[in-house]
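Pasting the structures here.
Both complexes below contain chain A, partnered by chain B and then by chain C.
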Partner chain A sequence: MWRYIMRRIFLQGIPVLLGFSFLLYLVITIAPGSPVTHLRGVPNLDSSVIEQRKAQLGLDQPFIVQYLNWLGRVLRFDLGLSFDSARRPVADLIKERMPATITLSLASIVLGWGIGIPIGILSARYQYSVFDYAITFFAFVGISIPSFFFGLIQLYVFALKLNVLPAGGFFMAGEARTLAGYVSYLLLPSLTLGLASIAGVARYMRASLLEVINQDYLRTARAKGLPERLVVYKHALRNALLPILTLLGFMIPGIFSGAVIVESIFAWPGLGSLAIQAVNERNYPVIMGIDMMFAVLIFLGSIVADISYALADPRIRYE
Partner chain B sequence: MKRPLVVALFLLLSLSVIVSAADAPKQGGTFRYGITTNPRGMFNPILNTEVYDGLIIDVVYDGLIYIDASLQPQPMIAKAWDISEDGKEITFYLHQGIKFHDGVELTAKDVAYTYMTILHPDYTGVRYGQFNKLVGAKDYKEGKTDTVPGIEVIDDYTIKFSVEEAYAPLLSTFTYGILPSHLLEDIPVGELEQAPFNLHPIGSGPFKFVEFQTDQHVILEANKDYFFGAPNIDTLVFQKVAQDAIPIYLQQNRVDFIAISPEQYEQVKAMPGIDVYVYEELSYNYICFNMRQERFADAAVRQAITYGFDRQTYVDVIREGFGIVANAPVPTASWAFTTEGIDTYDYNPEKAAQLLAEAGWTKGPDGILQKDGMKLEFEFLVPEGSRQNEQMALLFQQNMEDLGIKVNLVFMEFSAAVDRVDARQFDTFTMGWSLSVDPDPHSIWHSTSLWNDPGFYNEESDALIEAGRTETDPEKRKEIYAEWQKLINKELPTMFVSYGVTIGAINQRVKGIDTNPGPLGPLVDLELLSTIWLED
Partner chain C sequence: MDAALHQEQLTTGKKVWRRFCRNRLALAGLVVLVLFVLSAIFAPWLTDYDPNRNNLRDRNKPPSREHPLGTDDMGRDILARTLYGGRISLTVGLVAVGISMSIGLILGSLAGFFGGAVDTVIMRLADIFYSFPFLIVAITIAAIFGPSIYNTMVILGILSWPGPARLLRAEFLKLKTTDFVTAAEGIGASPARIMFRHVLPNALSPLLVSATLEVASAILSEAGLSFLGLGVPPPAPSWGNMLNRARPLHILANMPWMWLPPGTAIFVVVLAINFVGDGLRDAFDPRQDLS
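== the complex of A and B ==
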């Protein structure tokens, strides 16, 4: 197992991440637009200032030099300085916002999986029942509603009309940081973000369970007199969960990228607004920092999925 | 500017402070100012470029002067100033006893440090161009000398600035917050932008910096020892708010002041306890013609297109009335605004068609106007992300089609659009300008200017712009700019579409605001935060 993990990291992961960083840097630098666009319209700007600023940011260098400089710093665990006027370290900008993004993503995963899996199981056990049809209907609605729209509806209902939850944002200055407060701020954004995954997970879980539930070995289990409860939860579920675990590995990046949109609707203090702002401003070091972090997370997510695969299925051994 | 006038204004100002004191303002409370964009954490008045960092800077620092609601300079750290007869020297007389938040006294040395740093060869900010006319500034910037003769500390409370030739906009640029030299002078200027000070600023203004929470809020507390009188409120908070949730924040009393969008106007106006103010901005949006192209080089074409575009409908319908049709590049809010001799180009398709016909344009077989092998078919570059811009583009396209002009819309992400404009690879495009307090149009309209996007090279215009810069008598300056606007209004190097307005919503518990706001709004650009008070 350890050898497998090491091989995944060193033979696959690092070359892929290197290649990705090169392509990403290439794409963001050849895209039209410039990191010094914000200087347009500065009153009485001396023309030398634009060239001077470009030189400070290293933009006067050819692409490959810029990239190698960036890579050299990253290998020394330095993500560089943001291009905006405050020139703060990219690592600080990310670090300040990570807790909020991780909280939101975790909450939506817990919601999505905690609700989605039981619903999927029930839906499969009572296939073609009214409950099953109702779940199927709501699952399609849930998958189809864009998250920004669902977010705005929730804001309208819970914050404006019922006035029971805050209208996005995070703690007001001076407000006591209680757990209840935390939950009240987290609820709407994580529901918004979790909705699509609840629906998706439930559908996958249902399909996956239905596939195994009619297998021969389950018929055997039933034949030897096991109660249906044990058949489903002990024998069928474990096998049915395998594809879902793979799904988890692939859903993690989706949840992070969905968070970018949800964060901007709810003014959630996570990486979302930073990422959007960085792209609009062509803030190369910040774009690179955030994207590389996501790339690493996605990569780790796929390793975690593989490992949990092995843990759930005794037939799978990585050597 | 003559000193007696300044003193009189100052007396008037102190009088208004006394009058409001008679109303016995309540003490204490927290004022929340809603913002939709996060500050960057560059709370340094000579290095920031973002408006939202500027808000914090405005209340933490004081400048030599400040700009009042009618856009006139007023005494601040400088209790008075003299401008020499020839307009080449400004001497500021500083108040004695002004203290930074750490208790150290502010003197002329700090003023000199602040402005010398802007001129320093290693300075990384963007303000150099505003002060490069000071005597010796260029030599110092290029590292040829160690001193700037144009900045002269006469004693602890007197400092003199001098320029090579009279430069009228200079006075209104001395608003930048004064930095504490005792905390910063040992930091090399090139490294100043990374100094921890920028995240923990210390100034001499009405509020002390307390805390900056990324994407959440900035907290400041009243400076009880503020030289010009302690603020009535205890705490000032800049609270980050989600754009779409602004009405909810107002309804729940979570923000006291915030700018709202036209779409939110009706909803917010109907809320009890909230007042809404609409005030004119120093800004306008425009459609720029690329005059380097022969078809746009003829003023008749530019005028015809302007006559042919229904700007009143654009303002009334697309902007929902929040805007004013513009005909020259000086907004209504400026002291240099004029209507005298300004053609309003009211929507008139017949006149537009007639102008084009007189200029020799005839309809080709495809129904598009043409002349000498040129066609009136062109690209219209529109930055994405603004509903108003997108709808304007459609209206423009429709109006032009009626005249036999084919407009091809190109929607493009903002930064990419700027690239095209900078490379002069456009036929026409739309954007907007926000302007400084001083009406000097040099940055945008002079032949040598960086932002002269239309390619407008006109000797008469250049001469007027230069005359306006060196004329120190405000009345004469106003006449020069009126003359210049007449010329621009006739030439129309760009079509001026509309002047902008801001809509500000403010909680009625806030007292002591400017209820008839000028371009700086009901808080007069945060200036009133040090004197407002909150009712229970």
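== the complex of A and C ==
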């Protein structure tokens, strides 16, 4: 197991992350324009000032030097300084925004699994019932509705018309941080982000349970007279839940990506809104920092999913 | 012999079509999709308005006789913009998938056919692309190269090639060991002939299913980018940038006619494509035999 994890990290993870950072840095720097382009529009600005600013940011050097400098710093856990006038460390900016994004993502994962699994189970137990068809249809709706449209509808209904929930944001200055407050701010964004997961998990749960429900050992369980409830919840469910664990690893990229849009709709102060601000300012160190952060999180998510799969299912051995 | 072969293919196609038709949701999806495509193609005949012409006297008008879906904050007709927006959104979706499928088809075939070092290099590259936080990278590149229709198509296309490449590689590995490929090798067929004539046609049905579903996600991605102001730039209408324009809270609260039509259009089209894709997958599945 340890050998497998180490192999995943050193033979797969590190090369993939290096390749990713190289490609991203390349694309960012070969694009037309640069972070100092806007200075050219300033009247009476000597071109030497622009050159000076470029040198200050290290932009006068060739791409490969810039990249290796950046990489060298990252290996020493230094993400560099932001390009904006405050020149704050990128790590600090990320640290400030990270909790909000993690909170939002976790909340939507909890919603996705907490709602998706039970309705998937019921859907499989009552296969071909009206409830089953309704859930199947709902699952299609859930994966088809764009998060931003669903978010706007919820804003319209709950925040603007019924006026029962805040129209975005996350705790105003001086507002007491109560549990009810957390719920009210989190509810719409996490539901918006989590809807696709609810739908996806429900669909997989249904399919997975239907797959095991007709296997021999379940027929045995029924034959020895176990009530159907026990057959399903005790014998079938344990095996059917396994594939759902790996689903977590697959869904994490989608959740983080979705968070960018959802944060933008609800003015959620997370990494996504920082990312959008950074790309618009061409703030290279911040862009690289955030994108790498997400890539690392996604990679860790896939490892955690693999490990939990192996822990839960003794038939799986990674060698 | 040749005629018999032809007849066999025809019945397979018919079988698939019959199985597809049994799935009522898939069929409904197909009908809706065709309607959307037709309305996008024939947009100029369906509305008299120019989707990009401002009309400052008719700003923010609710639905009426002259403007069935109302007008936006520049006095542009929402129906016209939704119809023409469909042209752009559907085109971007199709072209993006065309790009990713072409790259995936070539690289996946090469990796699956030649194996060895070629396979390793291509699949490691696919791993790298797979580890991308998709939308975040798309946003980064779109912002840096500047929002445009072409950039959107290319970005979405280039970022999604690993999916079809992996699929095709797996199909190649599976088909490579079949008897008919061994036979073709035995009579001295060239690698290119084996690849394009014998293996590829057999790998097309899973590819078609995945392409269908990819179109749905490409349309969603384009809309997402445009919603953030990084996809199709105004004044050209796309469903995503129409939603972007309706984001200010006073429009959201008081002028739902500005954001409901484009949002509903994206939702319904993507739903229809997902139904069609799901129906195709079932229809191609040989286990679902129909007697």
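Some points to look at:
Here, the second predicted complex is superposed on the first by the 315 of 319 C-alpha atoms of A that agree within 3 Å, B and C clash if a C-alpha of one lies under 4 Å from a C-alpha of the other, contacts with A are read in each partner's own complex, and residues count from 1 in each chain.
Assume a residue touches a chain if its C-beta (ideal position, glycine included) is under 8 Å from a C-beta of that chain, and two chains touch if they have at least 3 such contacts.
Remember, it's a predicted structure, so these values are computed and weren't measured experimentally.
Superposition of the two complexes onto chain A shows a clash between chain B and chain C. Looking at the shared chain after the overlay, A:Phe20 reaches chain C, while chain B stays out of its contact range. In the superposed pair of complexes, A:Ser257 makes contact with chain C only, with no contact to chain B.
Once the two complexes are overlaid on the shared chain, A:Leu155 sits against chain B and chain C alike. Of the two partner chains placed by superposition, A:Ile115 touches none, neither chain B nor chain C. With both structures placed on the common chain, the touch criterion links A:Ala91 to neither chain B nor chain C. Within the superposed three-chain model, A:Ala275 lies in touch with chain C and out of touch with chain B [touch as defined at top]. In the superposition on chain A, A:Gln56 makes contact with chain B only, while chain C stays out of contact range.
Within the superposed three-chain model, A:Phe170 lies in touch with chain B and out of touch with chain C [touch as defined at top].
After overlaying the two complexes on the shared chain, residue contacts for A:Ala295 are found with chain C alone; chain B is out of touch.
Within the three-chain overlay, chain B meets chain C in a clash at only one of the listed stretches 23-31, 383-391 or 437-445, and that stretch is 383-391. In the superposition on chain A, chain A positions 31-33, 152, 155, 160, 167, 264-265, 280, 282 are in contact with chain B in one complex as well as with chain C in the other. Those residues of chain C that touch chain A in the complex are listed here as 25, 124-125, 127-128, 131-137, 139-141, 143-146, 216, 220, 223-224, 227-228, 230, 243, 246-247, 249, 252-253, 256, 259, 263-264, 266-267, 270-271, 274-275, 278.
Per the touch definition, chain B reaches chain A in the complex via residues 30, 32, 38, 40-42, 47-50, 53, 124-126, 128-130, 132, 193-194, 198, 211, 213-217, 219, 235, 237, 239-242, 244-245, 247-249, 251-252, 254, 413-416, 418-420, 422, 433-434, 436, 442-443, 450-451. Across the interface of their complex, chain C is touched by residues 12, 15-17, 19-20, 23-24, 27-28, 31-33, 137, 140-141, 143-149, 152-153, 155-156, 160-161, 167, 253, 256-258, 260-261, 264-265, 272, 275-276, 279-280, 282, 287, 290-291, 294-295, 298-299 of chain A. Listed in rising order, the residues of chain A touching chain B in the complex are 31-34, 37-47, 49-50, 52-53, 56, 81, 84-88, 93, 96-97, 100, 152, 155, 159-160, 163, 166-174, 264-267, 269-270, 273-274, 280-282.
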